[in-house]
Structures are given as C-alpha cells and as structure tokens.
Amino acid sequence: MSASDSSKLDWSAIKVFAMDVDGILTDGCIYVSSDGSETKRFSIIDGLGLVRLRDAGIQLAWISGRGSYATNLRANELKIPHVIQGRKDKETALTELLEKLDLKPEQAAYMGDDDIDTAAIKLAGIGISVPEGQDSPKEAADYITERSGGNGAVREICNHILKALPQ
Amino acid sequence: MSASDSSKLDWSAIKVFAMDVDGILTDGCIYVSSDGSETKRFSIIDGLGLVRLRDAGIQLAWISGRGSYATNLRANELKIPHVIQGRKDKETALTELLEKLDLKPEQAAYMGDDDIDTAAIKLAGIGISVPEGQDSPKEAADYITERSGGNGAVREICNHILKALPQ
Amino acid sequence: MSASDSSKLDWSAIKVFAMDVDGILTDGCIYVSSDGSETKRFSIIDGLGLVRLRDAGIQLAWISGRGSYATNLRANELKIPHVIQGRKDKETALTELLEKLDLKPEQAAYMGDDDIDTAAIKLAGIGISVPEGQDSPKEAADYITERSGGNGAVREICNHILKALPQ
Amino acid sequence: MSASDSSKLDWSAIKVFAMDVDGILTDGCIYVSSDGSETKRFSIIDGLGLVRLRDAGIQLAWISGRGSYATNLRANELKIPHVIQGRKDKETALTELLEKLDLKPEQAAYMGDDDIDTAAIKLAGIGISVPEGQDSPKEAADYITERSGGNGAVREICNHILKALPQ
C-alpha cells in the first residue's frame, strides 16, 4: 500500500502507537566508538510528534530486538512509558503490551522495518513500514511512510494520529 | 514560495537574522551516546556565513525549543550574541528579542523548519523555511532555501543578506 | 554485472562469506574525534543477516586493510569468528582463510569496494561489490548490490545466501 | 568546467596536491559533542589515495581556515607532511608552501569548496572544486569532481594524478 492511501485508514481508532527503534526512530545504524560507547541518531521532529501524542493521551511503546543504553537515554528524555528491549519476538511483545493496556489489536499502530516486525505489523490495526524497509514488512504494511526512518517517518505517523483526534 | 523568488525580497532591510537550531543549523538530528553525551552536526560553510554577517553588523540569534550544551559550544565558537534555548513559543521569543534590539519585525529574517516556528516565520519581514520542513512553516515562508538544513541552508541566507549590504 | 542477475549465481555453493569492512559494513568513513576515539557507522539490518548466516553454519570473515578497535567491538557483538585486520593483501588473506577452513575458492563469497579487494573478488566463487565502489572491484564483481555499503548491502547478500540454503 | 574534461588537463605536471579540509576531506560538517569533543568524518578511500601519492613522491598539503585537533589526528595517521591550519588566506598559504618546496604554481593542484579557496584555485595549475561547493570556487575551477567532498572526491583526484605518473 502506498503513502497516498493514508486517508483510507481509521487513524481515530488508534489508542497505542508501538514501534521498532532501529531503522524507525533512527537511520538503522549504530555508531560504534573505539572508547566503547555506542551512539544513535534520533530526529528532533519525531520527538516533538511523540510528545504531542503522549500529551494527548495516546500510549507509546518502543519495542527493540536489541538492548541499547542510547535508546534508554532518548526514551527517558521523551518520557516514553513503555520501553521494551531485547525482544526479537515483536508480535508477542506487542500482544503482552495490549493485554497490559487492556486494548485490542485494532486500537494499535505498529511500525517496523525488518522481517522480525512483520507479524506485529500484521497484528496491529494499522501496520506501518518505511520506504527502505525489508520486503516482508513492507508487503505486510497498511501504510508506508513518505519519509525514511530517522528522518521524520515517525512524525508523519504522529501527524496522522493527531489530525484524527477529536478536537 | 520557491527559492527562485529570492530577488523579489528586500534583503537590504534585514538587521537581525534569527533562526531555529535543529533542522536549520543541523540535519534535525541528535546523536545520543551511551556515555550520556549528545552530539549535533553543524556545517562549516554556515559558520563562515554567520561570522561574516556578525562582522558586517547584522544581529544574529539562535532560538531553540530545546536546550543543548552542544548548541552552546557551537554558538560560543561563532560568537552568536543571542542564544535562546528551551523556548517553544518562538514568536514571543522573537518579539522580545526585537524589543530588546529596538527593531521592527520587518527588519528581521526568521528561519525554521517545524510548526512551532510558523508564527515567527509569519511575523518576520522575511520568513524562511527549508525543503524538508513540515508543511505549516513551508506554507508560511516567503522563501524556501535550495539547500537543506545543516547542509548550507543558513549560508544561502547569509549570502543573500551579504549581497544586499551597502558596499 | 548488474544486481538483477543474482538469480544466475549459485548462492547454494557458498560456505564462507568474507568481506571488507570500510565501505561494505560501513559508509566508508571514520569519524575521528578530538578526544582520540574513532567511530564507525554499522547497520543493524546487516547485523541481523550476519547472525542468521552464522546460526545457519555459514563461515563469516571480516578482512580489513586497516586496524580499528571500533571494528573489533562490532565484530565481538556479532560473534564474527574470523576478524583479520591490517591486511591490504586481501587475496592472500582470503587464500589463507580458505586453507584454514579447508574450503575451495568457489565456496567463498567475497565483497569489497576498493581496488585492493579486486583480486579477492576475482578469486571467490561469487565476487561482490557495491554501487559506489571503485571501478576495478566493480568490473571484477559477479554481482553489484542494489543497496550501498553500510546501508544494507551486506544484508542483501545474506538474504541471497539464506534463500539458497536447504530448507 | 565539468568532470568529463579531466583528460584535457596535464595531471603529469603535478608535484604537490594541496587541499582544503572541511568540505573536501569531509562532508563539510563538524560533529560538536556536549562533552567538548569535536568529530570529523573522513573517507577511507580518500586516505588510501593520499598514501599512494605520498609513496609516489607527490607532496601533500592540507590547508584549513580553522584549527581542529580531529584534523591533526587524521593527518598524523596518513603522515601528511604539510598541515597548515587557521589560515583563511589560502592563496598566501599556498604561495608560501610553493616557495618552501621550490615549486611553481603550475606544478600544484589545489582543491577547495568555499570562496576563501577561490584565489588558490585560480593560482594552481589545476584548480579543483566539488559539486556542492559555493559558486565562486566552482566557477574558478579547472575541474569539478563527480564525487562529493568526504565521499571520494579526493580519491578521484588521486586517481587522476596516479594514472599520469611515469610507470
């Protein structure tokens, strides 16, 4: 499905926006330093969108297959309530989150770029991927963003959800 | 308005060039490290343009919605006289700056990429955005740069202002 | 040879995937810091592909012309069994590796972007380069990836090898 | 002049290759960290080209308008014999270098991306700029590289000089 079809999706049903970290909130890369530190590149416009969703009462979750302290630091700054790391079984992690929040899959948007995200993308009411994603999540997605991961793709989804909120 | 219309704007009226930081002086990203440091990517050609404006007596201001010590370090190197951080109400911050400098809005150029910049872009004599900006600031702008933020967009504006200075 | 010809290659013969580091697993750059540290940018999707190959019993080797502790750190995380650094004579290094593993050149895939990789690319059963590589390795290659180095080129090869494994 | 005209230039006359640093050997950006360090992004393929020129007896010089310890670290690794920093008067710096080396301007290649490089580009036998350079150096240049600064532009010049050396 192409980005131009966003108007056909029921963004107003979304109560939780869950997403993969690497390749979605970042450019998919880690900067590995000889001093042992690890750095990730996050987008400021994504951050502003997530803060607005949070303030509007939408639940937010980051679900990453790999643990990273850089991710924790950015999540803390944005006060992301659910930060789940080291879980490659994204679908199970999303299911557990929905149970905890007492929400149904159709109330969830899930966004990911790799094939370990595919089942979660299928499960969610609105499944989302990015233009540079692997084939499998892109084929499963209801929506593919215009912007690439780490460069405003998350903000694009935040804007769709915010626009559909009751004024 | 497109970049090709720069000749229709009165750059010679500009006495202060105020700008957002993230997405304007940078690529809109922060590099978050596991060691707790935060890094931003600034352009050298932008820096040379800003130093020339400063030496030519144009007032310079950086107005950011978010505090960052990396921003302070770069501002110190370029001796930017007005560095205002942690202000999402950009229009009010710009108005206060103009009062302090005893200048009118039509003597200001303001440049930003996100919707919190839109009112300041409208207020300024020349409002500017970047190609990858959000819709709202781009629609409000009198001028959209050819170069992207953090990749010479600020230098492009510096060049326009410098060219219009009395020789 | 273009990326579209991948189906003509016998990926099922490959028992070892050896590759250059800079420009293949990274964007070809080092980030040199004033504090003396050196940073490299690795792709998460490449990492997942390499881990899958390793788990499937394919031998993996990184052969770099230049030593870098950042490379060691990433190799350790992915548990790459053969990390050979400081060797500009890539063909000899690959030959020694094949002897050690008791494998023939036709059982090897080798991937590199610079002319010091050309002889190893020719030696390997499947020689691979990237779109932005130098002329010499690209001319010698049996396959040129669609994705660029550090942006999923290695994952593209992992996917080809994985798809050809007996199910 | 376009990159396609390289064959009309007498690369065999070049005895010294002098170049600007930011925007030529890097992407024109500095990564400013909250911990006070400054990072620059250098290309590995550029480095290999420069080492080959040095080994072939070509003099190498880096001339930067701005001092940076990250630049010193990379220059040390590549054993660049002439590292001149904090000089915005590039033409004078180049003239002094030529006197010291007892060479004539027509034996020099000079490469830069900003208008402070323009006079040195005009002085040198072969003046070079990059596609994303400012207008003034590009108009003065005898040759504009196909690759961008920090992404192989310097290697492109190294290859031209190496190819023209007596075998």
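When the chains are written out, they are named A, B, C and D in that same order, and each has its own residue count from 1.
Here is the rule we go by: a residue touches a chain if its C-beta (ideal position, glycine included) is under 8 Å from a C-beta of that chain, and two chains touch if they have at least 3 such contacts.
What you see is a predicted model, and the numbers here were worked out from it, not measured in a lab.
Engineer: Based on mean C-alpha positions, I'd like to know which chain lies farthest from chain B.
Structural biologist: Between chain B and the rest, the longest centre separation is with C.
Engineer: Since chain A and chain C are copies that touch, just let me know if over half of their interface numbering is common to both, same, or not, different.
Structural biologist: Answer different: the two copies use largely distinct residue numbers here.
Engineer: Could you please state the distance in Å, as a whole number, between where the Cα atoms of chain B are centred and where those of chain C are centred?
Structural biologist: It comes to 43 Å between the two C-alpha centres.
Engineer: Averaged over CA atoms, how far is the centre of chain B from the centre of chain D? Could you give it in whole Å?
Structural biologist: Roughly 30 Å, centre to centre.
Engineer: Which parts of chain D, given as residue numbers and ranges, touch two or more other chains?
Structural biologist: In chain D, 31, 33, 35, 37, 39 touch at least two other chains.
Engineer: Does the chain-touch network form a line, ring, star, complete graph or other?
Structural biologist: Chain contacts: single closed ring, each chain with exactly two partners.
Engineer: Can you name every chain pair that touches?
Structural biologist: Touch list across chains, by label: A-B, A-C, B-D, C-D.
Engineer: With touch defined as at the start, can you tell me which chain C residues reach chain D in the complex?
Structural biologist: 22-23, 28-37, 39, 65-66, 113-114, 116, 132, 134
Engineer: Help me check something: in the complex, which residues belonging to chain A touch chain B?
Structural biologist: 31, 33, 35, 37-45, 48, 68-70, 73-74, 150-152, 155
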